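What follows is subunit A paired twice: with subunit B in the first complex and subunit C in the second.
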Partner chain A sequence: MNGARTPLRSFLRSVGSVFFKDWRSELRTRYAVSALLMFVVTTISIILFSLGSEGASPDALSGMLWVVVFFAAMSGLSRTFVMEEERGTTLTLQLLAPPGAVFFGKLLFNLVLVTGLNAVTVLLYAAFINGFVIRTMSIFVVTVILGSMGFAAAATVIAAIIARANTKGTLYPVLSFPIVLPLLLSVIEATRKASEGAFFGEAAGEFQLLISYTVVVVVASSMLFEYIWKD
Partner chain B sequence: MVLKILLGVLLTAVIISGLGLPMSPHPQAWYELPVIPGLEEKARIIFFHVPTAWLSVVAFLTSMVYAIQFLRKRDLAYDIRSSAAAGLGFMFCILATLTGAVWAKFNWGSYWNWDPRETSIFVLLLIYGAYFSLRSAVETEEKRATLSSAYSIIAAVTVPFFIFIMPRIMTGLHPGAKGDPEGAGPVVEFKMSPNMRVIFFSSLIAFTLLFYWMFTLRVRTAEVEAHNHQGG
Partner chain C sequence: MNGRVRLVGEGLRKEYDRRTVFRGVEFSVSSGETLLITGRNGSGKSTLVKIICGVLTPGGGTLSLTSDQDDFPRDERGLIGLVSPYLQMFEEFSAVENLSIAMGMRGLRFDPRAADALLERVAIFPRRHDPVRTYSSGMKQRVKYAFALIHTPPVLVLDEPMSNLDGEGVAIVRTVMAEQRGHGILVVATNDLSDIDAHERRVDLNERR
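Moving on to the complex of A and B:
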């Protein structure tokens, strides 16, 4: 170790290492990416089949987009922590990295995953679902970005809880839904405004809510994570 | 003992006066309640429905406070208190939902309208449900206490988004929602006559005492049970 390193820099280095560890192991197996992608494709085709030739109202379609996003996220985001438990690497990670670094590393990884997932979902959704129109692109882009951040924040801490309980996947959507519901309602509302062609300023309330939600959840979960993570 | 007697007297008085006092369009005597146009006898629900909803929130906060205490002190006694408060909160939450739904059928025409406050109480129900399914999923006591405490704190920091923000950005049927001529906000200025106010606040106090009594009772039984388990 070359000793003259500030605490902040070494902390950021640990965050980076945790992130790149997950990144590399994801590149090896591509488990999360392929599971998420297939989930999105499956859900969108179910919507296509159930709609048939009938069109749904733009309101309903902008809500359904987030149904796809929610369940896709729920199918893959718990992976980061459940994987550690399954491989039995939790103890090693506990010894090697401070809890905060583990949390922010995993949060970063989930953030990248969700943002990528949302970009793909939105593209596929817009390509295949007729009648889904966005009139105010700026509102929509900001909504997707802020929504991804909020999703990643809530999903990461719930994933940590789930991995420590011996239930793995089953409880994940159950525990997450009430937590992400304020977020879901706001992104659905903002998407509706975007498809109606509202002015950018009209969605300011939703954006404030999304930002404060993300900040509150990240702060609370970074404080709680140490207790969840250490036995 | 004093608490039980006080509680008995107060609750009996609230029930008798809340249900029994006559209503008249032009109240003269001190015991006559005013008739609110459009509500009439149905206005009496406010003495019972609001306190149950109030308690489900108080219980939720109590549970969170004990959850924080548990994480700080690592003493399972706090976890017992946290889960006891959550259990009572769940019960009062169901009561508030049911009384509200039945009342809504007669006053608003359907059992459920997804009004912002209905949405909030539904989310509270979901949180309580998730909290107890998480508890039942973990077998080790220490771990169960830690995880459910963490979950209830996370849930508690996201709930204010519903209680304070959602009713204002969506239109609703309850007082205090957006579109209410009396003004939107979490704290509603009740247009109640002084005698209704007295009954209403006595009912709030009585229900809070009831919660406290049931809470101590539950904590004591849970502690005896835990003790018996250890003693074998």
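Moving on to the complex of A and C:
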């Protein structure tokens, strides 16, 4: 064999390898990034054309931002597992890496992807949508970070489930909606507070919910993943 | 090293949608021995191979891989190498990158010199930095051998070992099989008995339905 290994170091190396495999693959193929960017640009353009010169209320604009993020994330984040299934490399991953390492490696990749996506979406949205103003930046930044973590956590496990189904494309948003609904309601509410200029403490309830949601989804997913993944 | 290893299957059974693929599969094979798995198409050869590799859970029975060494690792991912037609490489990566990924995912350290030596051995060395998607099917099969051997597994599992290989490739595989028998367990699933020079144990899945 190849030298003594501690289980933790071996596991972390496995997680890192899954992540870097996906990362380098994405850099070469631009598969998920292209799909996500096209979706964001198209959706913001449609919102822009439909609003015209008329403004919309901060509530509506906060909601629309997260609608863009939700559907963009749902169109791109499933690629991590669907791509393995389409290329026939699911068995290869099952053979090489422990299920936990696959889950956390893919989760890490989705987290990087959705954080980048959210940053681009927010910048484009703020630049082009009239009336979208953030008065409490700290609330908004924390909301985007926690929202990204929650989206990545939910999207990863749902992608693993739907990758085995025949109707991958349609099943993903349908299955995702009820699962990410608590997350969506919290980020929309927190964004509304940020745009109204609320104090940071006033969004504490939303932040607690977002953190709890992410922790629960990650813990439950890591426990269930082996059963989803193996047979 | 792993000492003398032993692979034992007892009462293995598998069903798909209430259809029994096989049942009552028994075998015991030790280092230096070869287990031959035969059976007609659809008899479950590949299913049994996947169970041995730990990627499929049996419907019943037990499978164990043990060693006479105390520090024998318990995770079968570092202990088994698989070559099969349904095992796909990561085609956007080169042969060397695939070996690096395989070692990393197994939680092992990658040695580029060992990888080069292995790719030289399976006659892929001159194309080792090209993406695997540009390889012919025979070259991909050779990379699969490097993929399966890079961590020097005590158990090497070959499903249809000669598929897509030319004369040179067949000769390489025969050497690989002989070497594996010298230090570990060889498991071969095939219907073509000319693929294999000798075997000590045999499971005929036609008799296990």
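FYI, the second predicted complex is superposed on the first by the 229 of 231 C-alpha atoms of A that agree within 3 Å, B and C clash if a C-alpha of one lies under 4 Å from a C-alpha of the other, contacts with A are read in each partner's own complex, and residues count from 1 in each chain.
Simple rule for what comes next: a residue touches a chain if its C-beta (ideal position, glycine included) is under 8 Å from a C-beta of that chain, and two chains touch if they have at least 3 such contacts.
Since we're looking at a predicted model, the values are computed, not measured.
When the two complexes are overlaid on their common chain A, residue A:34 makes contact with neither subunit B nor subunit C. Once the two complexes are overlaid on the shared chain, A:96 sits against subunit C while remaining clear of subunit B.
By the document's definition of touching, of the two partners only subunit C reaches A:14; subunit B does not. By the touch criterion stated above, A:224 is placed in contact with subunit B alone, subunit C being left untouched.
Look at A:185: by the touch rule set out above, it reaches subunit B but stays clear of subunit C.
When the shared chain is aligned, no partner comes close enough to touch A:130: not subunit B, not subunit C. Across the two superposed structures, the residue set of subunit A contacted by subunit B and also by subunit C is 231. For subunit A in complex with subunit B, the residues that touch the partner chain are 154, 157-158, 161, 164-167, 171, 174-175, 177-179, 181-182, 185, 189, 205-206, 209, 212-213, 216-217, 220-221, 224, 227-228, 231. Residue ranges on subunit B touching subunit A, taken from their complex, read 71, 119, 123, 126-127, 129-130, 133-134, 137-139, 143, 146-147, 149-151, 153-155, 157-158, 161-162, 165-166, 169. If you check the complex, the residues on subunit A that touch subunit C are 1-5, 9-11, 13-14, 16-18, 20-21, 24-25, 28-29, 87-89, 91-98, 101, 230-231.
The touching residues of subunit C, counted against subunit A in their complex, run 1-2, 50, 53-57, 71, 73, 75, 77-78, 80, 82, 86-93, 97, 101-109, 111, 151-152.
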